[in-house]
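Notes for the one structure printed next.
Chain IDs A, B, C, D, E and F follow the sequence of writing; residue 1 opens each chain.
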């Protein structure tokens, strides 16, 4: 549905699978993995490296 | 219309045309409902959903029912060219961006109040004025049950308010039947609505502990939907809205005192004349079993509207009940229904879901 | 009065008198509420609670909040002698047993409709006639806010209907202030009630899957409480009742069109004149925060009544909101309140509970 | 297969075959769900729905969402010949009528427990024995995620129990990955279910006032679904079921202590291996936003199952969450899914509905 | 102690002493619950309730049940001298202000986690460290059922966590009876809680549309209350918390695998030994009627705790159910109970409310 | 319950009744009326004059 010209490829840090990201992602941006739904932080761009984002425990109302 | 859909139209029989569509305000409640409906619609291809707060995130993160949709939110400032742009933003946004919308889209369907009222004055009276009054005449009210003849070919469609929709659907047959002439008494409309009506960004009053279990007068008088009802029914109503414990649904009980005596037969005639051929309207009035009158939960998730009535012989009152799902018939479903009519598509396309039973408090 | 309580009165200082009490219909919802209130009441000593279906079982088996109460149900045919007999049986039971009741009790407080209406004719019109019409004149309507002067010494007290109570409390100040004279328009009363109003023995429509999440018209017209409202307010009302998703609570929205213009100040005066000195009535009308108007959940579990109003200048309408707990102010609490007045006890005795916040859908 | 569907198959391209179907137990909750799904299914044509209590009444009277369906209930003793008979009756009915069913139908899909367990002994242990044990071997368990390979061509299909389905879907990937070998600790399964699980004919405990707002242990130990889980997972579990305040939904939290240490990566691998290609299964495990783990309301009305997991490093526990709609994936949807596989139809046919957001307590 | 209360003590018989009290965090949920309980408490006189956000507003504006209370919020920086200061602020506030608290008050009762754990290390591990570790030894855990002997005369009392309270109350009898020795299996605690547990300031996940109807894993693993349970029961538990659709209530289901075989009689003995003399504890385990096991709604609004158990002979499991109201027994009620013990007042003073039946989702 | 030394007297602008306010109220502050619950703005201090505060329509989620 998203036009495929506008995507980047990266590796999911949890499953190792190849995933698609929008072409305009920037370093430091948080984006969710299409495989696991996990929030990932963009660590570098060339190549795109992703890391699990630290969880915001408290925002969820314990 | 895109080349793609033009080609389709020329070429072959089945799904004749495909229209590209975008949804501005895609993280919102009605925006999510639009995405749900359009994703299942045979003639639409959703190419963009915007969000400022969830830019680049998957749509499924906001709307868990859409986890299967391969789409990420993008910035509302970078609008793609589409056949139809649906806007589901708070009041006041579309009126400021309408020129921009028409630069990228052939047809604009707006779910806010920005183009609902025909006269600019009304915006001064009920809202904070209007920034683009020149579009008001061009806009068509989305509700096909009262405006079907003006929708084909319309390029600016204004979705109705959910409470106004419930009320208009309930009372229109009586207005058409001439039962509410100059000698009629006051028309009292007592509405009960679910929490999704407030949109995704609720405050303290919308928190679960405070909002659960309520029967809360939240618009005792002076609700803005009165303006819409007056504009489209020609009727001034006494309007009060209560929040009750459900998420989806708007139910309007209209207490009406007609000019002269009416019979149950008159009422059935009036309502059948109005709705017998309507694909989404059902008359539910008495009968047996548990579900004898309109109820929001009977139509939850669907584009159906239920209307029914009862007669109070002692004091000449007619009570009219009208129930819709505010997210569907009261906004996103109505918008798609109107778009279907505008584009010449089958009216029920994308809107076939019939609801669930049993169902709790959807 | 029993010897026991006489002795107590003679003997020592604190809780001067103790009255023995029984509850007929103790497994029911209002019967359980009576037991709860009486168990915490300083002047009552519950000696019997009856049930045919749970004879010999502990009261706590039916009412888990009363597990601490050391009492077992007994047969309603074996009534013990008591000072005050409370009857919480379905309509029609008390009228057939009233002679029997007076054989064992000095004072009878009946929560059913059996002695509510002053005229036997009304029972022919609204119910199935009356078996003991000779008691109707003797009976006093329980609601102290409208009948306090006749309660002291009364020996047959008839608890009001819950929807009627909500309506009467909402409208009485306007009636007293003369705002609803001959030129006033129709009075529309739109009521929303919880599921406990149906009592403990519900059918299919009361099952959780069917009853959850509803806004269900369950008495569109012709509700029997109209008769009571007419009898005690002198006002014919257009009355419609809806079931909504809560267990306790009755909320009446009264749409009123007074004879002539009224101001907000007039309304405050009328309501404060009526209720400023009432121990259980609160005027809640506007203001800030989440709870601006009457809401059933604000009074759940309590004997409070909340009333409030808003003005619709455009069409001269006053909207009155009234909220009670049907189990308390609308039945068991009202009954105990009336008994307190009848016996000369402090009015709030046993009824001090102020409710909870936050609270969901009590 | 009927002549009709054969003709269709021969004639034209689209929906190659149409199968006639009947639903025994059509007034019930799962019967109604079957009717809803089959009515929207491109390959089924519902020709009969039975009821003893509502014989000759319209289907829409029982199921308000099906008011558009032109069908009346008929007597279960007058079964019509069909391609597929679905039976949604209480436990014990089908085992007594199974010969009769096969006289009128080529394929029988039974939603009760009557043909779920492979061994007759198990019926002696967990139920009251079995009347037609000779059919047990012939029956295939309906859940395609664990029994897809045996379904094509099956003519007796036994729908799984809803709590068993939730549990099996949650634990199967761990079993397949070998994480629950002989050294694994106890497997605790703590289930939360909605009120529709009890079926349409509830008693006092199912009435709205008693059933609202509960967290009620209703099967503390000894639930019959344990037998099914043991039969299909080869795992003995410690099983406890609670009723909570929703209408649809079953949520199983499985507390598991694997043989040896596992990592989050291991878990993702196990679950993706099991479900990546499953059309109805979704892995929801962490991430952002409001919906981070499986929830029944995310799948309400759909045939989806959500599973997710979390790791408790301190004590080597894996917590697995599994959520389904008991009426759909947990019964009627599973039955149609299995029938699709059995008949060679597309697996998702008739089961495309993706659910709603926001949605309250469906 | 103030002169006032000293005088009272010296002078006359009835309510011997009156203690002045203040509530820091008075707009919050547990702050409001404290105010409700203290306002009805015979020995306390509330002289101050603080709020930064509602400074100078009436208490009734935040807590509609307290509209009858003649008190306005004041600034937490202007604390008045009182006998007892109750603090109901978020974690981390009290530890920074504790010196200040003791300057104005003789006794401090803190409802947050700030003084709950006996060791400073635990704050490093589970929280963000501790600012005033020197107070940890002085603090007494509030729950009288496990710490009654140390409360008399205590001047720093630390209220327990609600989920920890439910768990500790459920498991303590088994620990005391020696059933959970070194050979016992894992202890799984599966908790279900209401939305008030999150406090008054909820975010998106707490909004009514998103929070209604959920069974939502909100602390799958790693919940901080584990630390408390370990500290006071000496037991490491596998702990998972789910949000369900109620406002008040915490229900813990503990799945336990004792060292060796236990009988139902053993269990009754263990629980009766632990709780037969406890004024607020009830054992509810089997029996007839609708309410056979502990349920949060049976204790809503009360300081009662219900515990019950069932035996799973097949695999030696004991299932323990424990239900409390998180706002009362789980926080404010527990705090007042502890203060009663500390000051030598009757234990149940101010805590007599027995709850309601029927009641929905309180 | 509030100590009576610390209060000011003013007239409720809606009902005309005399009401008590905390001694430390300031001009411009919003305070609720103990009689009607209405939010009042402190217009002046000597004497204390109150006016109905403008309603924040939108904060209540229509």
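Operating definition for what follows: contacts are C-beta pairs under 8 Å (C-beta built on N, C-alpha and C of every residue); 3 or more make two chains touch, one makes a residue touch a chain.
Computed from a predicted model, the values in this text were never measured in an experiment.
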Least step count from chain C to chain E, where 1 means the two chains touch: 1
Maximum centroid distance from chain E, chain identifier (CA atoms): B
Most distant chain from chain C, judged by the mean position of its C-alpha atoms: A
Cα-centroid distance, chain D relative to chain E, in whole angstrom: 40
Inter-chain centre distance, chain D versus chain F - centres from mean C-alpha coordinates, in Å: 60
Between chain C and chain F, centroid-to-centroid distance (C-alpha), Å: 35
Per-residue multi-chain contacts in chain C, two or more chains: 29, 194-196, 200, 204, 209, 212-213, 245-247, 284, 287-288, 292, 295, 358-362
Multi-partner residues of chain F (each touching 2 or more other chains): 32, 37, 60
Contact footprint of chain B on chain D as seen in their complex: 29, 32-33, 36, 39-40, 57, 61-68, 194-196, 200, 246-248, 282, 284, 287-289, 291, 295, 298, 300-302, 327, 352-362
Interface residues, chain F side, partner chain E - complex: 1-3, 21-22, 24-25, 29, 31-32, 34, 37
Chain D partner contacts - residues on chain C that touch it in the complex: 29, 194-196, 200, 202, 204, 206-209, 211-213, 245, 247, 360-361
Of all residues in chain C, those that touch chain F in their complex: 264-265, 268-269, 272, 283-288, 292
Residue ranges of chain E in contact with chain D within the complex: 185-186, 188, 190, 192, 204-205, 209-210, 212-217, 220-222, 236, 238, 240, 242, 244-246, 249, 251, 253, 255, 257, 290, 292-297, 308, 310-312, 314-315, 317, 319, 321, 323, 358-362
